[in-house]
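Encoded as structure tokens, the structure appears first; notes follow it.
By written order: A, B, C and D. Residues from 1 in each chain.
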Amino acid sequence: MGVLTMKEKVFRDPVLNLIRVYDPVILDLIGTSEFQRLRRIKQLGVTSYVFHGAEHSRFAHSLGVYEIARRFADHLGENYRTKMPGDSLWDPNERLVLLCAALLHDVGHGPYSHTFEHIFGSNHEEYTQALITSPETEINQVLRRVGPDFPEDVAAVIAKTYPNPQVVQLISSQIDADRMDYLLRDAYNTGATYGEFDLSRISQLMRPYVNGIAFEEKGMYAIEDYVISRYQMYVQVYFHPVSRAFEVLLQHLLMRAKQLFNQTSAETRIAKDFVFPALRPLFSGQVSLKDYLKFDDVTLLANINQWRDSEDQVLADLAQRFLDRKPFKSIEITAGTRHLLPHLRQLIEQAGYDPRYYTAENDSFDLPYDDYKPHADKPRTQIELMAPDGTLTELSKKSALVDTLTGRTFGDARFFFPKEMLTQDSVDDVMAPIYREFQQYIHNGKLVDPSNR
Amino acid sequence: MGVLTMKEKVFRDPVLNLIRVYDPVILDLIGTSEFQRLRRIKQLGVTSYVFHGAEHSRFAHSLGVYEIARRFADHLGENYRTKMPGDSLWDPNERLVLLCAALLHDVGHGPYSHTFEHIFGSNHEEYTQALITSPETEINQVLRRVGPDFPEDVAAVIAKTYPNPQVVQLISSQIDADRMDYLLRDAYNTGATYGEFDLSRISQLMRPYVNGIAFEEKGMYAIEDYVISRYQMYVQVYFHPVSRAFEVLLQHLLMRAKQLFNQTSAETRIAKDFVFPALRPLFSGQVSLKDYLKFDDVTLLANINQWRDSEDQVLADLAQRFLDRKPFKSIEITAGTRHLLPHLRQLIEQAGYDPRYYTAENDSFDLPYDDYKPHADKPRTQIELMAPDGTLTELSKKSALVDTLTGRTFGDARFFFPKEMLTQDSVDDVMAPIYREFQQYIHNGKLVDPSNR
Amino acid sequence: MGVLTMKEKVFRDPVLNLIRVYDPVILDLIGTSEFQRLRRIKQLGVTSYVFHGAEHSRFAHSLGVYEIARRFADHLGENYRTKMPGDSLWDPNERLVLLCAALLHDVGHGPYSHTFEHIFGSNHEEYTQALITSPETEINQVLRRVGPDFPEDVAAVIAKTYPNPQVVQLISSQIDADRMDYLLRDAYNTGATYGEFDLSRISQLMRPYVNGIAFEEKGMYAIEDYVISRYQMYVQVYFHPVSRAFEVLLQHLLMRAKQLFNQTSAETRIAKDFVFPALRPLFSGQVSLKDYLKFDDVTLLANINQWRDSEDQVLADLAQRFLDRKPFKSIEITAGTRHLLPHLRQLIEQAGYDPRYYTAENDSFDLPYDDYKPHADKPRTQIELMAPDGTLTELSKKSALVDTLTGRTFGDARFFFPKEMLTQDSVDDVMAPIYREFQQYIHNGKLVDPSNR
Amino acid sequence: MGVLTMKEKVFRDPVLNLIRVYDPVILDLIGTSEFQRLRRIKQLGVTSYVFHGAEHSRFAHSLGVYEIARRFADHLGENYRTKMPGDSLWDPNERLVLLCAALLHDVGHGPYSHTFEHIFGSNHEEYTQALITSPETEINQVLRRVGPDFPEDVAAVIAKTYPNPQVVQLISSQIDADRMDYLLRDAYNTGATYGEFDLSRISQLMRPYVNGIAFEEKGMYAIEDYVISRYQMYVQVYFHPVSRAFEVLLQHLLMRAKQLFNQTSAETRIAKDFVFPALRPLFSGQVSLKDYLKFDDVTLLANINQWRDSEDQVLADLAQRFLDRKPFKSIEITAGTRHLLPHLRQLIEQAGYDPRYYTAENDSFDLPYDDYKPHADKPRTQIELMAPDGTLTELSKKSALVDTLTGRTFGDARFFFPKEMLTQDSVDDVMAPIYREFQQYIHNGKLVDPSNR
């Protein structure tokens, strides 16, 4: 296949200690312009506004996923190497496609993907596929050295259409190299110890079987601990109300910018200058692969930094709130209190804030774990435990705690508004009566009906 | 003084676990626009090209220095609180000025300060002073709430002109809150364990005395360990040849951009557009405090990202090398081999590279520790050990290892050049003979005279 | 009160970093003969047979509980110091009684308490009380320096009869200094990372109120994480089947020795020599406080070591199995399979093993958490969450995961037998048919009825 | 050879995470009675009196040395596997002898070896050899399964007479698996962070060559850091004055017991009963291999515990001081002050203490590193750095810090005496004048001549 092995090269990694590379293909993929771009995209976007250590990049995460996948492949190769076709054990020939897919699985991410894609309709998964399969990328050229179909194979693993389910599940299932790296790395950089779990123990429990990767039943509690760590990271970090306030802020900021950009479409070229050249294709809605590769955190943030001085008051104010870390405040809302929101929006408008830009509802809910539901929108590969005789049992059947989490969403719905609405010491302020009325709707951090108190 | 204490607020920090704030002044300083800007400035600049985890910000470091200073103040207040004037013990009234100075000591830093200041002649220390004392900043307004002279006091601590040497040394000496935080934080984020030392032990050894802070003699080895950790970080991280290659690259890139900007000065406004508006004051050499606050990593990097497409070949090429992580290669040079460099530069020029932009000499040398040398350019406050009877001895008198490091520079001098000069497999290349001749000057990573081999 | 404060003394601790002592009373208690004896008693008894790092002593644990309690007291004193009688805030006068109780809470433990007390009917809680209140101990003498009633006060805190419920709950509730230290310390020494939780976060959430200590509701997930860590340590470490096999072995060994000792009661003094003088009072059933203080791990183990050469075959064999780490094997049993055990015992007897000494049933079940059940045998103090307005809610009402654990026992029932019953390669062995029959009752580590398979 | 490989078995280790075993021979060696005995021997002896966490056993250390050696073997096997005889690369056939030697290198240790061997003239190295080569041990039987000469081969590696210097140096040189494990493990359990270094980096730098194992020159600073960590552990942990005080105490205690035992030799058997049967062969000077295997910490400590009640006042008092942690105090002495000791001993005798048992001089000096000195008593294998072209340079030639340590002893000489000599508040005590005179000889923790002050 023309692939040489080489003496190991190592990258020093604070989470996994050493990242070890033995394949020139991997080393060359890391050196491509498209992969290096991930240095300029933060893994956790706005989360660093809450956990100031969380500045780590998607570059570091991608190396980590590679390294974890490599350790999995080593474990499987040493202990469960296939002896004859059809024995459902691990085929060492799958090693390289696994490692490439692990390394490249996030290569299509843009800046602050969650928010960004919501506003501009881009899709990082499609870009990941394109960056791997399009002949114009450096990545594609490196992969083609392995074989003409190799880029498609790597893309298929990431798209979950690759025929060998073991390879797919090691990268993308409910317990895979991707999730394991981000939990450990996010825990390390936020300082959130509850995100830690026992990587080497879990990897040691892996057992290949015909439909993928199972885990030895005797290690059930280690798997349970991983699922709960994931749940803890959701509720404590990923769904943090202040992070979500910054997502809301960024979203409204981009929405406003897009609106202004489109309003000026009949006008001169100069007028559109408030959007940097690198971002204009995005605002125009016509994005080539080459254009896309110019999007990164630094370009977006530098542009927002310039918008502080915008003549548009709303854009300038939102940009400043974002950069100077002035989050919207929020309260918890429920089905029973949601009907009160129109009145709150009215009060906020009376206080001088355009509710389209200064209020938001935001739901963060996720399933920490689910069993396989064939009729679901996106059925999940469930976690299987294997008994000594090979019998499989789905995890939640054995773990009461996982059963509690299974198919159950966690998170909350919140209403966001300007902090100024909570001003209390402004008796002389003409807005004071509005603020006071607004504040009657809040108790213990929740939206309440004052007439019921 | 109008300063209220409050229930503690905490920041989750991966290095120090919790950063605890009890003073509203500190909380408000953290909330200023000038302090929040430090989120967009990396602590270690180009180092993340070598240690990919090192993405941490000066914001995190500044919080860390505050927290360490707070722990020092607590230790001194609990164990060595002054009982009467002149007893040279710790005065709790110095607590707030210490904490503010700790928090703000780096607030004037710009992007990639080392390189940047070299090219543009700016000085982050002067900007730190200005940001604290100028009435136009938010920081100044918060500090003035404590008292009219308080901003000057805080600035004096940072400038080392404050009358109480204990306060000054806790922030700025050879063993201070600043160095302790950056060593621990840089070690944590690079994964370089040799940068760790025993913070709580060292803090527990502190003893105030009339000329500053000494350390109990019985803990000499803990202090020694700290000095050696610092030395290890210098030689393994801060002086890493590849980091220095990126400093060289960035420097040449900015030099080229500055040159182009000045060439176009007679031309139209549009022509200068290749420099972002936020950076133009810098290139023009007229920078107000307000201008300065717009400089940050994201703006600089976004601009470099745009220069990839510059019509100027050199600017475009250097920008691409920088962003795609294509470092110059380097070799060690000595006084005995430096005379060979002109010939190497000639070969490099023959190979098609302008030596002004594609070669460099770079010396990284530093003193990990020095005793007090009254006639030195910048005399250093030496580390004093205190015996049970109060006698002081300078550290290197007790530690053979520190004595070895004292007054001794570490580091090396290197020559940087394009990696292409090492090309080996290009027999048909017309440049091949040039490359081959060049390579004869290199042996074991050092510059050698081929006629002597 | 005659209690002086002093400059801090520190103990280096691998788990809590520094243990800081400011009170001479604490320092003197640590120096007593009774407290030093805890160095010779392992915290986790036979667990080191499974997790070889778990050699830590009750001495280290007791220092750790003291240190955690001290941090709690500091937090409460800094943030919630009482201002007037009846405000239900923290009274700093309770500090010393809290710290003494924390330090001494385990001082009455004997070697391998769990097993030991089962065989000899001793009770470490009673001994703890006696060691604190009896005038003959060094501990009592140190405590009386504080005041004549102080020993009784300390004993009352440990007995949970002390009038201030805040002090009691900090030492002994479902989330207290004792549990927090042992989880962290056991996790550190076993290497079981799932036992870790966020000590400083939890301590920061504490709020004193009239009936004890509550936790701020906003930190619910940190408390939940602690409860789950505790559950994980139960199921993965404390209930480990091999640990329990060694408990069973030790129990049978001591039972046999006791029986032999009593058989020889009519005989000469020499005959009883197989029991060390220090252990004889225990075997005779007449134990003074002075006698009790001589019991420790080393004496028991040294005696067992001598029993290897006993003329009594059973005692010698069990001693050897214990010391050479030859655990009984075990299988899971249920209510539905328990009726098969008599037949298994019969087979084991046929194979040459006395079932009284070579088989056992052992149930390890515990409640990781429970809410307050007023009619329960030992009602537990439930964990209360406090809303901003002071409203309390019991933890399991807010946490679905804790609700799953609440009032629910975890663990399993197992049947233990000699490993030899699993011998497979002994076709010529006359016992082979017995072994083969026995093995038909085992499938996937569980007891099964072979007639149903 | 009859050696099967198997699916990996793991041991959970707090320091190295997982200890992985792939060879049945290794697993069976761990299961032998002789190896299990190491559970009852503490790695650091009396050090836990100073660092209370240091209760770890030689069992854990031995597993650790095995695991580190295994990682070395994997690294060498993957990167430097021999291709033809005489190429000086790593021969995978050496793997098993390496691993067995690593596991068994300390198997002959007795309790508190340092002190014990000093008094009783035993030698753990000889016992290690005997336990491996004597046909009566379980260890020997397991090793012989590999081949008839295999036990001798393993013993030769430990004795450094094995022909392949690579195998010898991996276990026993100045940078080997043994030292690496004990530094990391002792650091972990004492909490002494300065003992940490970068194990995986160092292992990655290893290069086999004809005379052993060298390290890539580019990693010089990692090696330097290891040497300095070792030095730090010496001066901060292993030479700690209070540890040495307990060594002195134990030594005097055993000396007294030995003397009493020999005095009673003409008397009845009963009279010798104060020494436990298991220890009597030692006291009699006739120790068989079988006897030796009964010596362990628990037997010795249990015996000392019984001596508390001895009728011999000195034995009883020393036993109590040892068990209740009442160390002798000590002061630093030098060649210039040593002449004052006879007078101090006289004062101590006047105060009622027999100087033979209540005073001691103790020197702890060691070489943290040395280069090869062919004429030295025990020439050391020096650490070699390898340049890209294969040239070797001895470490201290490249590292100024290591050069400072090379061939230089560190430590100090101390004089030990009863703490009572420092009594200060006993004005009415008839001994007070003696104490006062004694105390005039001490200043800043050092012995001084009062006539010179």
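We adopt the following convention: a residue touches a chain if its C-beta (ideal position, glycine included) is under 8 Å from a C-beta of that chain, and two chains touch if they have at least 3 such contacts.
These numbers were taken from a predicted model, which means no experiment stands behind them.
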Labels of chains that are neighbours to subunit A and to subunit B: C, D
Smallest count of steps, each to a touching chain, taking subunit B to subunit D: 1
Relative to subunit A, chain with the most remote C-alpha centre: D
C-D or B-C, whichever has more C-beta pairs in contact: C-D
Computed distance of Cα centres, subunit C from subunit B, in Å: 51
Euclidean distance of C-alpha centroids - subunit A vs subunit C, Å: 43
Centroid distance [mean C-alpha coordinates] between subunit D and subunit C, Å: 32
Residue list for subunit B, restricted to those that touch at least two other chains: 17
Chain contact topology (line, ring, star, complete or other): complete
Subunit A-touching residues of subunit B, taken from the complex the two chains share: 11-15, 17, 31-33, 36-37, 39-40, 42, 48, 51-53, 55-57, 59-60, 63, 188-192, 276-278, 294, 296-299, 301-303, 305-306, 320, 323-325
Contact footprint of subunit C on subunit A as seen in their complex: 193-194, 196-198, 217-218, 221-222, 224-225, 228, 231-232, 235-236, 387-389, 391, 400-401, 403-405, 408, 443-445
In the complex, subunit A residues that touch subunit D: 7-8, 10, 17-18, 22, 78-79, 200-201, 204
